[in-house]
Amino acid sequence: MKKIAILTSGGDAPGMNACIRAIVLTAARFDIEVIGYAHGYNGLLNQEYASLRPRDVHNIIQRGGTILRSARCDAFKSENAAQLAAQHLNTLGIEALLVIGGDGSFRGALHLSQFWQGQVIGIPGTIDNDIVGSDATIGYYTAIETALESIDKVRDTADAHERVFVVEVMGRHAGFIGLHAAVASSADYVVVPELIKDTKTELNAILSQLDEIKRRRGHCSYVIVISENLWAGGATELATILHKETQLECRPVILGHVQRGGSPVSQDRLLATKLGAYAVEEAIAGKNRIMVGEINQQPVSNELASAWTNTKSLDGYLVKVQTDFFNLSKQP
Amino acid sequence: MKKIAILTSGGDAPGMNACIRAIVLTAARFDIEVIGYAHGYNGLLNQEYASLRPRDVHNIIQRGGTILRSARCDAFKSENAAQLAAQHLNTLGIEALLVIGGDGSFRGALHLSQFWQGQVIGIPGTIDNDIVGSDATIGYYTAIETALESIDKVRDTADAHERVFVVEVMGRHAGFIGLHAAVASSADYVVVPELIKDTKTELNAILSQLDEIKRRRGHCSYVIVISENLWAGGATELATILHKETQLECRPVILGHVQRGGSPVSQDRLLATKLGAYAVEEAIAGKNRIMVGEINQQPVSNELASAWTNTKSLDGYLVKVQTDFFNLSKQP
Amino acid sequence: MKKIAILTSGGDAPGMNACIRAIVLTAARFDIEVIGYAHGYNGLLNQEYASLRPRDVHNIIQRGGTILRSARCDAFKSENAAQLAAQHLNTLGIEALLVIGGDGSFRGALHLSQFWQGQVIGIPGTIDNDIVGSDATIGYYTAIETALESIDKVRDTADAHERVFVVEVMGRHAGFIGLHAAVASSADYVVVPELIKDTKTELNAILSQLDEIKRRRGHCSYVIVISENLWAGGATELATILHKETQLECRPVILGHVQRGGSPVSQDRLLATKLGAYAVEEAIAGKNRIMVGEINQQPVSNELASAWTNTKSLDGYLVKVQTDFFNLSKQP
Amino acid sequence: MKKIAILTSGGDAPGMNACIRAIVLTAARFDIEVIGYAHGYNGLLNQEYASLRPRDVHNIIQRGGTILRSARCDAFKSENAAQLAAQHLNTLGIEALLVIGGDGSFRGALHLSQFWQGQVIGIPGTIDNDIVGSDATIGYYTAIETALESIDKVRDTADAHERVFVVEVMGRHAGFIGLHAAVASSADYVVVPELIKDTKTELNAILSQLDEIKRRRGHCSYVIVISENLWAGGATELATILHKETQLECRPVILGHVQRGGSPVSQDRLLATKLGAYAVEEAIAGKNRIMVGEINQQPVSNELASAWTNTKSLDGYLVKVQTDFFNLSKQP
């Protein structure tokens, strides 16, 4: 193997740079040249690329974002685009394309693969952790930590003023960030896609607990963690409803894109480093249409398509603990 | 002097606990008993209080929020309330009341003072820094730092995706947090109450710069910092307008109450410690209706009313630098 | 089950408070009273204890250290001490004792168990992660993060001055902190107990790489991570030797006890919460002489003695990656 | 003015990059070219330099270290070296040299100035804050914060184990970091150059307080902050002595070079930005042999030599508060 290419696609995630670094260093060991495409699949279409040598990835392991830039690329869904990309890859003599991103990015890789003979390998990089085939995804640990630090701060004010806070976190299709940040911050209630019943049921559960707490203590410091896009009007609307029903001061906090950035925490750097190195080794081994991942602390490969055909479950014991603690605080 | 009381009022601010600690330790040196009222002026009306000894303030210097709780108290504006509070203070034998809070809290103290013979002393504790008579207010440094950390993270994604971000920070009447966080994070544009012309002028300035950057570089990573309540619809509406006008991806980020919490940074702990100690010394010296502060690194006292009769100005040189850098980046 | 007791023993670890909280909340669900002993086994001997109710563990999930205090207790190794402790436990009607700590603490529990009919259950809490039966131990994730943050800062100066830094981290018998912090910080070389050959061999490897880098680049920014107690004279001595041999500026940094403290990161809070809840459930299920842990994201129990009879291995793939990267940078 | 040069010299300090950025952006406004010399005065001798344009300083405001590298340069003290440097500066057409560093770096600039007609301007960049003519120096605020975060963590373990910790911080000739970090962390005792009597007196003060605390409470959690190079054998030796005398567990923590690194806090970024911009304006105004600084929130200039001919005093009120609190805790 002489030449491989990488790109980062979809939402950026802390640790993508650590992964790029690991790919470049591992490739260098085998004298493989690495081409980095800019702006995700756009760079593949526009031929926006540069060679990446070890010196180019010095001192990037700790940086958020991605030095290759990222973007979504709707144009890439067409047959023409994939054929054009295949042509460009062949012209450059690329033997394998490594794609760091989420399931949308992997679909793009598989689409390309129908028109290109080279190998495509996916590396799961997304803060949402909604990819089957790896216990965690690059960026996920940092996103939890960022959400947690913010909720810790909100709790200071919640306690000082005895207020209700509704904190909206990322993860529109998956509750990993929401559940983990909620338990780690000892939030009182959590609403995530996997656990939500209907909004009426959730609202009643919250209201009955708020009433209970007010009755017992005379006041109420209460934090709700909710995933984005679960409630019409989001955290702002939920806070408004809760205020109307309880007369308690209720404030929304929307963490938003802050959760995507920042220097990656150690767990993301380590995962990114291992997956980057392993992806190159699998490329050399001739693997195609796979996604690399880590399961039970072992590097593994799976069919790329399996990343989205199955749905990853929340940690069952963590769900149980959060539910038990919630029920406990409802007790008289 | 035998007995003083303290309360924290209005929005909580990081460093309030450090200030409470300094008051208690300084009072202990002079064998003065300290009473802490809970929930701001409400505790004064409801007689919700406890004695604070040195052991009660061990290990609180680093905690956000306030162990005394805080609250706004509209009821306190009446003459009856102030007279009731005066009565309660006299019954307990309180000689001086120390109020940690913002200008609303100080107005309450002055109102009380019309009906009470004891001394009232204000200590400026608010993240907004909008109090004349002290170069900085307790909590202000931490709020800038929290805003800065968030904007640093947002910039990672702004750079990775070449997007426009509109970051809304606290400070509805004062641009201290906005200006300082903007310069420290190298934000491209800043909109704060002291500097805003009309929204149309601001919008045109931003749009013309975005056009310029797009024209020169083909893409655009751009961060705007804006104080809350300055724009109808806030950061969300501004992001929508910018997208409509430029077709660039524009995202709002609303930092909200995260800025009030967190362990205070060193500058807030030091200021809080000095002002707490000085307030007790001034109480012993018989001062009344004053606010303590720090000007040019010296503890000072001023008439309490002067805290809000004058308006504190932004750092003129900082405004100049931000304006110069902005104009520079508009150059071809 | 009516009454259980807990204690924290040995070196403190971030997350111990989160674990205490989870135990108390879970016990409350089953109407089990919880007694907390202070200062580890000393409290058991001196009858220093207090009841722990849910309100006592409010707002402690985020605090470093342990509200129960910790200590080593050599006196407890005697038969007399264990018999006295058994007596005290029986007098109070304790049915199970939960011990949060490392292998020394678990040996104490097993020793007690020879003289006491109640159940003993270990919960792995140590920054060293050197406990078989759980993929990670409480406090381990935070210790890596703290070490990493420091090494990131040291690298700034290493790069600015092109100096060699020798950073000493904790883990005298286990290289988990050292290896993970080294890879996550892209350290150039790592010396940990599991991987060290003789010091002469290690020294030669470092020196030959330093020579190589100096020859190629003319200067050298280089970071070595080394576990404490591996080198006679520690990081200070190694830095002195390296300076003598290479004439490069070499500085030691000894992170020390900073690594034990701090607010636990999310992974430690989650692990602590799950293990605390699970330990109570296992107690109710009548289990004795076990350690609870988490393996492959599932809560599990193992015989207490197995915690130290086997040795936990480093992550093999991580060792390989670090070695490969090191060999790479030696290449011309 | 057409062309200026900058270099960073001496120990690196967080915020140096923010200052370089401000210089480059301000110069660009006036169409002045900026040359950056590498490795301090060494680069001036070896002609190691590069042009710095606005795009070169994008996204560096938040980075620790210095992109220009830094170094001490003993060779520069000779007349020959200064003459050679003057020649090189003239060849390149440099009209002013801006030096970011401490007093050693400023002496170098003044030495050069004897042999060169161009203007020399100093910008105070050192974590030690030991420069007269500016209330603070670039890097100082970050160093306090880093020390504080570490001491906060050490206190967790001090409290958990009731141990004595001796924390050694930087600042061999000036106690600014030591005093401010000590007060901000509520350390029990502080030893800094400006306040130390003889070591025997200090030791007795500490021992008598430890005895007192042990007598009253039965145990002792105690933190001492000490500046480096004040005690023969440093924190390690002091901890050993204290253990010998009291039988308490006493541990040294040596923060070392960690204090030089890290992303600058907002106060350092703001100071660096203002001083960098002001230095260019003063250069344009024809000023020579000056140091720029900020006094009472106003940018100012002073004679360069005055930076070291006078000694900056510690904050008197802060010294008083720390002393009062210390005396208080000695009370029965």
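Letters are used for the chains, namely A, B, C and D, taken in the order the chains are written, and counting of residues starts over at 1 for each.
Just so we're on the same page, a residue touches a chain if its C-beta (ideal position, glycine included) is under 8 Å from a C-beta of that chain, and two chains touch if they have at least 3 such contacts.
Note that the structure is a prediction, hence the values are computed from the model and not measured.
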item: Remotest chain, chain D as reference, centres from CA atoms; value: A
item: Rounded Å distance between chain A and chain B, as computed from the means of their C-alpha atoms; value: 34
item: Centre-of-Cα separation between chain D and chain A, whole angstrom; value: 39
item: Gap in Å, rounded to a whole number, between the CA centres of chain C and chain A; value: 28
item: Junction residues of chain A, two or more chains touched; value: 152, 155, 159
item: Topology of the chain contact graph, where touching chains are joined (line, ring, star, complete, other); value: ring
item: In the complex, chain D residues that touch chain C; value: 8, 12, 14, 39, 63-66, 69-71, 146, 150, 152-157, 159-162, 165, 251-262
item: Complex interface listing, chain A residues touching chain C; value: 21-22, 25-26, 28-29, 54, 59, 61-62, 135, 141, 144-145, 148, 152, 155, 159, 180-181, 183-186, 263, 265-267, 269-270, 273-274, 277-278, 296-299, 315, 317-318, 321, 324-325, 327-329, 331
